[in-house]
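Structure incoming, see below.
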């Protein structure tokens, strides 16, 4: 049994992590910390866990965390980087679900997150936890930077095209739509049901923090700088991201469907749907899955890729479990076999 | 491995049954029939099952069903009763998720379902599949009548009071609210998103088919006739039933909280919440669970019981699996350990 | 033109009042105060008002309010009572959309609202603004206590039965369901889309502040004390209240449908629907309307009344405009002719 | 008073047209036809109209329609073109809310709508009813082709850029999201609440009927052929379209904000929002309004335009009333002053 610690865990990413850990046969939750909720039973905050998880939030305690094999950070950005060095010294491996270790360049991090990075020396060794790109490096990583939700959906959709050099990487467009849970479980007017339901809007068009993360991933695949326009939108639903991706072909691509199927052959959590498909976000609700379809409307020069995930699962907690499985030599899909809830 | 057949299976109860069967370690789906969809891969209709269930709908075939250990009927009312006698003769056990075997009196059945019953001789042996009442009889039953969704929520809420003779059974009120999936997966204007979302209404106030079913169950518990007003409502959400139950105390009841906790002590799928609780339907979304709270507002004579289930799980497919587990001597909760999806 | 002031106005009741005032031909908004938003254009907070209302929030200013003919308070409970005496001295008439003047007994007010009443002398003259009961007194009132949302729906549904002495007033039950806008526009976790959508729950079962208000109104109609169990629920939608009311007949009631139709004959904003109807909340979305249906299931002793309103219109801002129209001798329906938005 | 006839009217476009006609001071609904619902009171089908519209559906009757000043067709595609010639001969003017007269080239019409056009001679005189482009021609038109919902939102967003020749018209992208009411009020599985809520998907990526309509409008503005990728999506809400438009600058555009403001200066129903805005669809719910914002993310070469409408109002019935007002010399905004419902 892997001894697991969770820092944070009162947000949506946290409760989803707990749901998945509760059903994981080889993981044992030893400690979950929350400064504000110390002493409270986790199942009192999240009644879906009643009968499944008999544990209380505790005040942060370095010793308790140091006794774990792995610690997940489900904390606000800028928190994990304060504690990770000490955990590593104690021999604990870390999976950060926030953004602290996602960007390789600390200057870019500071620009987009508004604070200097606290442990730039660790950035170099941290592995970006997208198994479909970095599987082997994840196995041995001490620190895994779990990807953002939008970056997961967008990169998985663009990678087959970019890796093969088929599209103009200067004019990529990612029009992405997210359910409201992406905004987290914090009191705010903008995500009240009465504000966010029965409405649709774009946000952060001038610049969203996931832009540099996506760009970094695509540039690693391309081998050079890319130009990306990224427009996120808020959709009136709880879970799900739908990325609609546009790229201009620069060469005759051959069979795009086959290209995608080959790229993801053997991937347990990327499902290339049949030609002509339109994946629905609900088909992955609660499941660690990315479903992708590729189109070439009217046979023109623009490729359209549709990529859907559950932002809380393949876009956060599920991918974190997938990374844990890899890091500890377990079957990659252990504890992740749940079927999406539909309807 | 239990060899399982499913008749029907293109509706919401059906796909939920398939989701649960896909995760059940001791059940193997051998055949799923659908006259209209014969030949179609199940996962083409329900893409959440892609990668989990590699089976096609087939035309109804008595021999294929006769080779199963158990056959679930997820069909419209009046269908199962046409085929069950033959299956029983073949030694197959049956779990009917429709209403065909729920009412013991064929005259009542004919009144509410508008057709004569096709196999009244089997009615007598059919066991009403509410494990919290009939667990032992279910173990040996050849035919289990899986309870309706409203009846499950309402009976589990009223039973502790009625079994102890604490309330006036002539004036019971069940005000129940259901998500739209209770209306099934059929093309109809009334359950379009544009008709049923952002609105709330009662329906079938003059009389709903679940009224005689609930009354029958309560009368068996009371030992005499009961008077029940049952008002169902349509709530703008997909899954979930919330029953708000009102009963007049006729005797000093003592500690109601303790009464409920004792009644359901040891029940794996009934959770009596702490005193003062207000259970949310989402706390059981996707889970085979009934959560109950009991209140006595202002210390008056009216007891208010709040009872929530997922209509597709404890109210249908999950309870059916629970019954199958009992019938075949397996652990009652096998394949039913999934945590509710929240948020 | 009536010179109108609004105190508060940054909440849902406020923006709905502004929407209706913007379309009222005889009302002119002179001042809208908000301590926190002073200086901000109202249309910057509520973009639906762009092009319709060119006014800014201003800091509270007694002189500006004193120059109005009528001042609406769309403020938290306990605010209006601080300012009303001064406004009355200045000859301004007041419509309070909060609870400050709804309860006649200051001791009851203090019990349920947790603070002593600041101007108990005005309580006696304040008129409860339910035009279907108090139309004539409203015309000349200086202070109108605009009814609560639940109390409007519940009283209008029960009144015909109670006024005629047909039911047992000791065992009344009001099972009420509200959209989330009833909880107001304030940052809170419980009313986030991710918490309140796709779920249903009861709340405040031990006691809700609208209970004494409803009871007071029913007791005035009955002429004696009544026993009422009131259970409010949160429904996953923005607008709408559906009250399902249960009462035991104590006498042969005759034609209930005719009774209700006669009671509300000539009422511009109460619509008794045809026998057998099930009113939907969406049929009154955005409209100052209460639609009612009365049932007697299976011809038994229990009468079921279904009563729907838009909580922000007939349950708040629309009723306030209706009261203003009465107070200033205008046609009662002036500015209130908008058709409900459906779908 | 303008004598108005409506053909069709049992769908969402129809009921919205009735809502707006009920509040129009100079229009009088004389006849509304529906073969299937003849004899039924309109308010029995649409209870929001109870008390506002006392009229019954009647069987189609050419004489009754011929006695009208204007007839609206709210019918399926291919219906209006069967009757329009006869109405024109009778001197009746026509506003078709379907697609019959939107495409100038009958061959294109046949390609996308799958049937030959029945009155190609009228196509030449029919005026495309986008007042922001064709205001003067609409005034005198005998037949107005009311634009589609997507085409309204997309064209209004692109026009300022294309008319000024600032962008590469070969690589335009319109990523559009619609509420479910765009799919109409017909029984179908795909738009059930349980299928379409809590999910998001693209559809018709290979080709949607609104593509040629949009392209035709943009080509007229550009003066040459354009290349457009149009991807529509289904959003889990009732009303609203959000078009996110992408275009590559080919010249230094100067002040884009000023460009848009000047283009729509004086337009009563196009609102260019302040720089940096993100319009929400709810800000136009129920209102005949298009709100637009223009962005140039990171100062790059890609312009992003956000354009929102209510698909049933500015995208259908409201624009039809706007056209009627123009055709009959009334104030363009008569009967269209309603404020959007928010929340």
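Residue numbering begins at 1 within each chain, and the chains themselves are lettered A, B, C and D in the order written.
The working rule: a contact is a pair of C-beta atoms (placed from the backbone, for glycine too) under 8 Å apart; a residue touches a chain by one contact, two chains touch by 3 or more.
On a predicted model such as this, the values are computed, not experimentally measured, just so you know.
Looking at chain A and chain D, the chains in contact with each of them are B, C. By number of C-beta pairs in contact, B-C leads over the other of C-D and B-C.
Taking each chain's centre as the average of its CA atoms, chain A and chain C sit 45 Å apart. Chain geometry summary: the mean Cα position of chain C and that of chain D are 37 Å apart.
One simple way to say how far apart two chains are is to compare their mean CA positions; for chain B and chain C this gives 39 Å.
Under the contact definition stated at the top, the residues of chain A that touch 2 or more other chains are 12, 181, 185, 194-195, 197-198, 236-239, 279-280, 282, 285, 343. Remark: chain A residues 12, 180-181, 185-189, 191-198, 236-238 touch chain C in the complex.
By the touch criterion stated above, chain C contacts chain B in their complex at residues 171, 173, 175, 177, 179, 194-195, 197-203, 205-207, 227, 229-231, 233, 235-240, 242, 244, 246, 248, 276, 278-282, 285, 295, 297-298, 300, 302, 304, 306, 308, 343. Looking at the complex, you find that chain A touches chain B at residues 12, 15, 19, 22-23, 46-52, 181, 185, 198, 238-239, 271, 273, 279-280, 282-287, 289, 291, 337-343.
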